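Consider the two complexes below, in which subunit A is the common component and subunit B and subunit C are the respective partners.
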Partner chain A sequence: MKIDFSLNGKKVSIDTLPEKRLIDVIREDFGLMTTKNACYSGECGSCIVQLEGQPVPACQIPVFTVRAKRIITIEGFMGTEKYLDIINAFNDMKCIPCPFCFTGKIMAVDSLIDNQRSPDTSEIMSLLSDHSCSCTSVTSFINGVKVAYQNREFRGEMLK
Partner chain B sequence: MLETHKNNRFICDYYSLGMTVIRIIRAEVPGGTITNISLPELPPDAGVIGYDDIPAEKNLSVFNRTMPLLCDGKIRYEGEPILLLYGQNEQEIDIIASCIKIDYETDYTISALESYTDEQIDRELNFTRGKPERNFERSHKIVEEEYSTSEQNHYDLEPQGAAAFIKDDKSIAITAATQWPFNVRDNVSACLDIQQKKVTVDVPAMGKTHSGKLWYAGLLACYAAIVTWKTGKPSICLIPKTDSILYTPGRAASIIRHKTGLDENGKILCRSIDISIDSGAYPMLSEEVINRICFSAAGVYSTSALKITARSLKTNNPPSGAFNGMGFHQSFFAGESHANSLAKAAGLCPLEWRKLNTARKQINLPIGWEGKKPMQLDKLLETVAEMSDFRRKHAAYGLSAKMQNYFSGKKRGIGISVCCQGNGFMGKVEENEKYTVSARLDTDGSLSLFTSAVPENFQTSSLWCEIAGGILEIDPTDVRIETTDTSLVPDSGPSLFSRNITIITQLIEKCCNAIKKSRFRLPLPIEVKRSFRLPRTNGWDPESFSGNPFPIVSWGASVVETETDPITLDTSVRGVWFAADCGKIMNPYLARAEVESEIFRSVISSTMKPPVLKNTRTGIPLTPIQPETLFPIRIEFLDSRETKPGGLGELPDSLIPAALSEALSMGLDIKLRNLPSTSESLFQQIEHRTRIEEQELED
Partner chain C sequence: MIKNIRSPLVYYPKTINELLSLYKSMPDSLLYAGGTGILSTRNTKYPELPPNILFLRRIDELSAIRRSEGYLEIGACARLNRILGIGEHVLKPALYAAIKNIATKEVRNIATLGGNICSPYRSKTLMPLLALLDARIELRKQGGSRWLNVRKFIDPDEGFQEGEVLTRVRIPFNNYNHQSFIVTGDRADYRSALTFACFASVQKENIASIKFAAGVGNKGIFRAREFEEALAGRKLPLYGITEDPVFTRLTTALKNQEEEISSFHRRQIEGLFLTFMHSLNDML
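Now for the complex of A and B:
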């Protein structure tokens, strides 16, 4: 089955089984290996990508459902100003996630802070509980997310 | 410094089209004999490898223990690898795997720790100090209890695995997610019967390991090496998450029985401790586990009369392995929970009872240390008690539990514990090991550190870069840690027991200081090498239980406060207070982050129910590793009298379970004696208490 969609801002087309998982398509067919996968059950959070701006576990998405939709993976997100908002905040707050869970966490964080409202601690904890890797300090993660929002807000102000 | 991680390749990222994929066909029964194996017709690029097809050494060797790489015909545990199925097409291989039929003549009884036979005993240690039997006779009170801990599985996110590639010169390159690259090299060289220099081992990026990748990667590396050696093509062996949870080595289950005699003042007169641990079908690390569990069984309390009997039992479970602490977790849970019962029997607050009984010097500890270093256990206990307002809360919650109607309001409780962390192996297993690190300052001013020690997490590698950068006054981002490829790096031994902090960090410091001295006198590049060998004298003698067990010991104390709904039994942690005396703190920020994440993990794993996943095997689920609600954590590091850095990552796992269990027990007026402390076990204990109360009323 031929499926067209937008991957990291580029229109792509793939001829594959419609039920193939999006994570396998991303990793195997497009070679974007920075997005990880661990559980194949949508529980670990390491395969999170943005589908129409919303964080989704790519292992739970059959590829036919993304037809004509926008997918952003960490590869497409890296290097953007939004990405730097988060990276700089995490560095400042000494939040050092391991590279396996990092990509999923950062995509989820971006979606959370992108809604123009300062996230509170319970929202961040709720986000964190969707990721099963316990590699980093919870407090530094919460602080990192809050500072990332401030960075984005500040940059927005500066742009105005 | 947080990198984008773009170039970090985990073992699962090594899979590419054209690689041979390996599937492990496992035993479906816990014991018996294979009578027949029926294979479907295999495509030309697929094949099967069994025990007899292994080219040379058929056993995996870890220290002085061995286990067969593949089942030799007699099955010893459910999930034991029988065959390796390999092929080019992953989907095709999975279909073929489902068509392989293995017939068994089953012959097993599910082994239980409570009822073992003499044949099951793999190793038994007996230690007696003083005359415990005589002291029991003159004890004012005797408290006897039994504690159990369940098996605990690793929950690393990235899969366990290994890949093998043939090089042009007929040597073999292995990429394995391992904490011990040189052990992988030695085993691959033995199973293929090729020289060690013909095997190079490269370590991919890894997440936090908790010692879960100590030796199992050697098994998977041998599988990949055998297939690649046979086919001449690169191969990869990745094990699925469920298999990883079910069949890779986890923390050994245990049953620990304590019997303690107290005098009129509540001081310990004598103790008798009986320990059984489940080493699984192949007790690969049981010697170390049994040594450590014996060492820590009596806790940090002085007693003149002590008897310990500990045995590791062979069962039809997968081999148990290394997990944080390797025995300390189990014994401190039992020992500290028992300490709370002793305090109750003595009519003392748990804090005061501990202060009355803790040893003041290492030599006063129950198991014969020769070290005379003073310890700050009282100060640790006071620190966490003051931080948490322990005395007031303990009195108030105790009174409240007695006075209130059981169903009126949420039940609060508070628990305290104290423990130690031994850094390094106890046994004689690494007597001949030598740990080496080399460093090279290049002409561009960058520094390369060469070590086969694999950092447990990214905090450790950041720390090494910071330390090296600080000594040589260069930017930490200009420091590279070369942990890959055994042909390039010196042997730095297995990376566990905080040796990255206690040994490797010191070697890095020594290398950098040596470079600093000759930096402006010698032309660049300057390369120096420093080694460490464990002292042969004053080492630990497990036969006589004497000597110095660890080069450095860290000490810790913790308080946990909980709140439980008496109807739904939903529990929340109101706070955790932690204090440690762990030598020189290299980076307080990273140390706090490490302790904090371990506290969260320990709280969750202490209350999480292991579901039955398959037949007789259970495993911790993948999901709830992160807390859903935040609870306050306060961490304090005491000014240490030890000038060297000690480990601290294992302390929360030894402290939290007992303190948490006591807090829950106090709130609900029950006594929890098993781990994990799930809502089911709370309910069972409430039922048990109700039955006793009803019985008393009838009487």
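Now for the complex of A and C:
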């Protein structure tokens, strides 16, 4: 089955089995290996991509559902200033997610701080509990998210 | 031996009429909206799917959310996070908590309300609550439609008939001033999950009305109407309720469900109900 969609801002087309999971298409057919796959059941949070701007687990999406949709993976997200807001904050707060959960946590944090209001600790804890990897220190993660929000807010004000 | 594998054919209907017509001609096809219940239980690289798939997400009408004076009407393919976006003040605390409790935020971006109601693979977390709210669902097939109470929908004789598709859920607004919704058990194993919902309307230190429902896994809904009726009109605070003869009605009703509800879950239901009653006492 031929499926057209937008991947990291570029229009792509792929001829594949419709039931193939998006995570496998991204990794195997397009060679974008930073997004990881661990559980195939949507529980671990390591395969998150943005589908039409919303974070979704790519392992829960068969490729036939993304026809004519817009997908951003971490590779596409890395080239944006939004990414710098988060990664700079994480570096400052010594919050270093492991390579397995890195993608999922960065994508989820982006969605949280994009809500135009300061995230509180319970929201951040809830986000962290959605990711089964416990590599990150909770305190540094909470601080990292709060600073990332400040970075984004500051950049937004500078743009105004 | 090499298995003869055929990849599924996917259809993208754009209107409900188109969908119903396709479904009538291919009654064995899989209705696919969010698909989280389907894919999360098939942890293989290529999930085995039926030969024909009807993809519902291109039908705008199925994702519509409407609010009228007396009720909220939600399309079966409305994503759970979009429903949460309506706000807690409209959804009321119990329904808001119930939806927020389902899976992770990322999964809720694709999971749908219809999926939670229909999926045989997952715990139907919302069903006891929707039953308490007297929610009604619309089932449509080519040439007709019918509205059905959620409680009746669970009954295999009254549920889906051939060619029928769940299209809308109508949830009446309620005025219960005390609401509780709790899920216990392992998220990954739906058979262990217990869903408990309880509403009470308290006026001038009296219980004007109270009702509760519980569900275990994806089985039916447990209600104890006699017990609810016996509690209505009682004055608060209600201390020592476990010694109250009214409470035995609950334990008896639960015991009658021995085959459906394990003793562990029965004790949990009693405990959760007592916790709710304590919270009513504490409100005074």
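By definition in this document, the second predicted complex is superposed on the first by the 160 of 160 C-alpha atoms of A that agree within 3 Å, B and C clash if a C-alpha of one lies under 4 Å from a C-alpha of the other, contacts with A are read in each partner's own complex, and residues count from 1 in each chain.
To be clear about the criterion, a residue touches a chain if its C-beta (ideal position, glycine included) is under 8 Å from a C-beta of that chain, and two chains touch if they have at least 3 such contacts.
Given the structure is predicted, the values throughout are model-derived calculations rather than measurements.
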Notebook entry, point to check: What is the contact status of A:43 with respect to subunit B (first) and subunit C (second): first, second, both, or neither?
Noted result: both
Next item on the list: May I ask you to decide whether A:55 touches subunit B, subunit C, both, or neither, giving the answer as first, second, both or neither?
Entry: second
Note to self: Quick one: is A:115 in contact with subunit B, with subunit C, with both, or with neither? Answer first, second, both or neither.
What the structure shows: neither
Notebook entry, point to check: Per the overlay, which chain contacts more subunit A residues, subunit B or subunit C?
Noted result: B
Next item on the list: Look at A:80 in the shared chain and tell me whether it touches subunit B only, subunit C only, both, or neither; answer first, second, both or neither.
Entry: neither
Next item on the list: Could you tell me if A:1 is touching subunit B, subunit C, both of them or neither one (first, second, both, neither)?
Entry: second
Next item on the list: Figure out whether A:19 sits in contact with subunit B (first) or subunit C (second), or with both, or with neither.
Entry: second
Next item on the list: Would you mind listing the overlap between the subunit B footprint and the subunit C footprint on subunit A?
Entry: 39-41, 43, 126, 130
Checklist line | Interfacial residue positions of subunit A with respect to subunit C in the complex | finding: 1, 17-21, 24, 39-43, 45, 48, 51, 54-57, 59-62, 64-65, 67, 104, 108, 111, 126-127, 130
Next item on the list: Would you pull the subunit A residues touching subunit B in the complex into a rising list?
Entry: 28, 33-34, 36-41, 43-44, 46, 75, 78, 87, 90-91, 94-103, 121-122, 125-126, 128-140, 142
Margin query: Show me the residue ranges of subunit C that touch subunit A in the complex, using the header's touch definition.
Written below: 7-8, 10, 12, 32, 35-36, 39-41, 43-49, 53, 55, 57, 81, 103-107, 109-110, 187-188
Notebook entry, point to check: In their shared complex, at which residues does subunit B touch subunit A?
Noted result: 1-6, 8-10, 12-13, 17, 155, 157-159, 205, 207-208, 241, 457-459, 462, 589-590, 592-594, 596-597, 600-601, 622-630, 633
